[in-house]
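Across the two complexes that follow, subunit A remains constant while its partner is subunit B and subsequently subunit C.
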Partner chain A sequence: MSEVATGLNAAGIRADARRERNALAGLTSPTFLVLGLLLFLPVGWLFWLSVFDDTGLTLENYRRMVVEPAYISIFRTTFELSVLVTALSVVLGYPVAYMIAFLPPRAASICLTLVLVPFWTALLVRTYAWLVILQRRGVVNSVLMDWGVIDEPLQLVHNFTGTTIGMLHIMIPFLVLPLYANMRAIDRDYVRAAASLGASPTATFWRVYLPLSVPGLAAGTVMVFVICLGFYITPQFLGGGRVTTISMKIQQNIATYFDWGAASSLGVVLFVVTLAVFWGFSRLFPLRRLTEVGGP
Partner chain B sequence: MGMISTFRAAILLSVAATLPAAAQTTITFASYGGAYQAAQRKALLDPIEKMLNITIKEDTLGGVADVRAQVKANAVKWDIADLGGASCARGSAEGLFEPLDYSVIKTDGIDKAMATKDWIGVIYYSTVIAWNTQKYGQNGPQTWADFWDTKKFPGTRSLSRGASETFEIALMADGVPMDKLYPLDADRALKSLARIKNNVVSWWASGAQSAQLLKDGEADIVAIWNGRAGAVIKDGAKAAITYNQGIFNIDCLVIPKGSKNAALAQKAIALMVSPDLQANIPALIDYGPINAKAFDTGKITPEAATKINSAPVNAAKQTNMNFDFWRDNLTKLTERMDAFLQQ
Partner chain C sequence: MNEDHVPARRRLWLYLLGALVIAFLVIPVLIVIPISFSNSTLLEFPPRGYSLRWYRALLGSVEWRDAAWMSLKIAVLTTVVATPMGTAAAYGLHRGGFRFTGVLRMLVLAPLLVPVILTAIGIFYLYALLGLNNTIIGLVLAHAMLALPFVVVSVGAGLRSYDMAQERVARSLGATWFRAFRAITLPQIRLPVLSGALLAFISSFDEVIVSFFISGGEYSTLPRRMFNALRDQIEPTIAAISTILIVLSVGTVVVLEMTRRPARRE
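So, the complex of A and B:
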């Protein structure tokens, strides 16, 4: 496409290229239109609501986030939770994806289905199920007390711990799926080559396999982290009031403030922070590489 | 063929719904859904449809924000909305409601504080002390001071994570008399809450959650809405409640500003708060009639009345929530409560 067409039928080729460009523009314009209408317009409107009220331009909604102690700690909680859940997803999800990638196709598809089953279950149902498992008279505490491991029930839920467990359960498929797709495409010959040149299994993994799986890992990590930033139902039900995330505060501000500004300013900050995370990630792992599943 | 004829019927119906004659005799009522709205349908809406010869369509809402959105967008779909007391006070201050016509709506038997220029109460619910009877037997905590007393009543607690109700409770626990709560002393309330914080297993976010905590024995003592506690007890949970030091809250009715059937809505509201229809409520759901004359209609037996929160014998033990206070202070105190919970 980039070569300049010369020769006898140059004009015909140029006309073809033009037609192709127009056709592509025509095919993609609905998507851009929808994105524009459904993403950029609402975000712009959100921003407008957060800086204008009945009296005119105001920064009150942003000032509140700085002066009220609750907000700083809500932002901190949201980020701590997201970082922790993302890290644990990697620790728990990577071996799962790795194992499935090496299984024969039939076994692999059974395992993938097992990963996906919780994915198909309603979020609220899974959240309540964790309550049944983790609460004071729940399954875990009953078993541990029956076995005499503990005398007093452990506080596993209505706090940060319970929220982390519930979110982790929800987020692991989001890490495993892109990672698995990536690993499937890794040419096994690279691993064999490393081994035949004398690398130990550990060295082969760390120096050959892991680097080749980075694109999938990065895609999964970004996805998990960004989704975590917006969590609402799980911390609401498993946090016991001790865990407040930005989304919960947005909901609360809609319910308690007179105007939309108090909630939309939080939405704007969350949006900007999410963009910043994406930008930071794309600096570390260029987006071009993320799309090139299968390595260099 | 079946599908086509259904489709045709649907079109005919939707055309019929837009005919002016039908529009005049149809009003839309929005409430909180669930068992509550089902009870309202039976107790209030069904009889009113017959009495006024109209159709009442139903919708559900999440709070005053929904009414505000419709009014501000000039797209009012609802003719009557059921809201919480604090929401009514707030919406009233924002000018979101049509004034009520008290030449149509009769208020005999209704507390004056619960019938204002643009909202009127429809039911009472109470925030009460509920306890696990397996743990404490029938003699559970009888006051909020007992709720705070972890020596006398060892065990886990649960309170609402919202500021309203919880601040009143914390002050009563600290010895403030029921009739001297307002204006609430927020500093004192938070200090009082700090004393019980370590015993609170969960700060509940919804009525359903408070019910689950009580039912599963996760919390031994819960500050809970009487309707939720009643449902749990009926369901077989080992729990009991007291109306002692309960806090009366209400749901109220409003006509969103710009309602196209405001005149008809006034008539419907008049019937909704009338003693005769009010007396239908307690048999269907654990909420009390807003109209005390409902207890004189003969529909409620004296024995049943002893269990109803707004029956005179129980009402005397409780106090009213001050909605105007919360209208003016909710945002500020919510931020303080949040900061407290985050510590």
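So, the complex of A and C:
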């Protein structure tokens, strides 16, 4: 549509092209109207609320975050949890994606389905499942006690450990899916070429295969990390009040204190950190197909 | 046939680790199912006796029934609103050529990037001013907004593997734009459109956090109701509702796999 029209009917063609462009823009307008009204406007409003109170411009909401120990510890908890869950997702998710990529088609499709079923299962259902499994008289503790491995039930849930396990369960598929999509596209000839040139299987993996899988790995990692930063449900139920994330603090500020300034400033920080992480990753790695996998 | 020169023996650890991780993913989901058929209030595994007690309790409860009905209604309406809207946007953004096309292509993904909790309190604040909290239209609009990126991404991917020249041919032969789209383009991108619609449905049906803020009482959705139930006590009724949701999610995976298959053949 960008070619320049010449000749007698040039003006008519240009007018047609313009009409067509306007129509295409028009087609996108309902979507952007909804996004504008229900996302950009309210979020912009919250930005405003975070820096203006009854007295005018104030940075009190942001100052509080860097001086008050309660806030500092929330940031630390959220960050530690996210780093830990992301690292574990990479360590446990990479072998799964790698295995599926090398399996024969039928077995690969079965394994992929097994990864997708928990992915599509409602978040609250999985949270409930972990409560059942990890609680004092839950599945894990009763099995371990029946086998005589332990005498006293282990404290597996309502703490940091339970939260980590629950989040890991949710995040592994987010790592596996983009990584697997990347691995499937890797040309096996590179691996064969490395082998035929005398590289050991270990060297082939580390020096040929792994670098080729970096785009998918980076996309999965950034996705996992960013989603982890915003977690609310899992720490709420599996943390037992011992784990407070940024999202939980935002909810408390609204529901308990009606403190919109405090809540929105935390939200703004969370959002800015999210964008910064994305930006940083996209500078470092070619993030392919970042948006191709999504979930609730 | 081992084409990758690595003996199967050396891959054993890989298969072992892979199987363990997959078990970690699948078993917790499956463990809920037998518990839902237990005949006691204790959350035992394996249950000592089996019954349909918790399913009867679920069907007998007006609150659960209402919540399920509410969720279904909201999810269907969300799908009906978000699918045509997102498809139109995907088409417009795919053809592009107008101002800010590039920026808009990024902005359409914003609902995925903005932390949900921020979106939730923002909408809550807006709805408080507009009187839309605890309304069906409020829930549907919010869920549709959250679902739009799924539809746009899915349909956009479909359009990228579709040859737009076909539509131009139809139009040059005298078909109106809309007719050319409906008769030529839409049938060829129907699977991405369907999978976008399914994603919109599921994303609404599973949505917890926004619903938590903007709905309650008789407008509680199923996840909203489960949220309360989990906070109060964890009894096997939730296992029963979870089992139903798990069956739905397995169904979703199967349907999605089926809609994706033709794309793989290319």
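Keep this in mind: the second predicted complex is superposed on the first by the 240 of 296 C-alpha atoms of A that agree within 3 Å, B and C clash if a C-alpha of one lies under 4 Å from a C-alpha of the other, contacts with A are read in each partner's own complex, and residues count from 1 in each chain.
Throughout what follows, a residue touches a chain if its C-beta (ideal position, glycine included) is under 8 Å from a C-beta of that chain, and two chains touch if they have at least 3 such contacts.
None of these values were measured; they are calculated from a predicted model.
Among subunit B and subunit C, the chain that touches a larger number of residues in subunit A is C. Of the two partner chains placed around the shared chain by superposition, subunit B is the only one that A:Thr77 touches, whereas subunit C remains out of contact.
In the superposition on chain A, A:Asp187 makes contact with neither subunit B nor subunit C. Contacts of A:Phe237 after superposition on the shared chain: both subunit B and subunit C are touched. In the superposition on chain A, A:His158 makes contact with subunit B only, while subunit C stays out of contact range.
Once chain A of one complex is fitted onto chain A of the other, the partner contacts of A:Gln135 extend to both subunit B and subunit C. In the superposition on chain A, A:Glu68 contacts subunit B only, with no contact to subunit C.
Looking at the shared chain after the overlay, A:Thr28 reaches subunit C, while subunit B stays out of its contact range. Looking at the shared chain after the overlay, A:Tyr257 reaches subunit B, while subunit C stays out of its contact range. Once the two complexes are overlaid on chain A, the subunit A residues touched by subunit B in the first and by subunit C in the second are 131, 135, 137, 237, 254. Only residues 63, 65, 90, 94, 156, 161, 200-205, 209, 212, 216-218, 330-331, 334-335, 338-339, 341-342 of subunit B touch subunit A when the two sit together in their complex. Within the complex formed with subunit B, the residues of subunit A that make contact are 64, 68-70, 73-74, 77, 131, 135-137, 155, 158, 236-237, 240-242, 244, 249, 252, 254-258, 262. Within the complex formed with subunit A, the subunit C residues making contact are 3-6, 10-11, 14-15, 17-18, 21-22, 24-26, 28-29, 31-32, 35, 42-45, 85-86, 88-89, 91-93, 95-99, 104, 107-119, 121-126, 141-142, 144-145, 148-150, 152-153, 157, 177, 199, 202-203, 205-209, 213, 223, 226-227, 230-231, 234, 238-239, 242, 245-246, 249-250, 252-254, 256-257. Listed in rising order, the residues of subunit A touching subunit C in the complex are 1-2, 20-28, 30-32, 34-35, 37-43, 45-46, 92-93, 95-96, 98-100, 102, 109, 111, 113-118, 120-133, 135, 137-139, 142, 169, 172-173, 188, 191-192, 195, 201, 226, 229-230, 232-233, 237, 247, 250-251, 254, 260, 263-264, 267-268, 270-271, 274-275, 278, 291-292, 294, 296.
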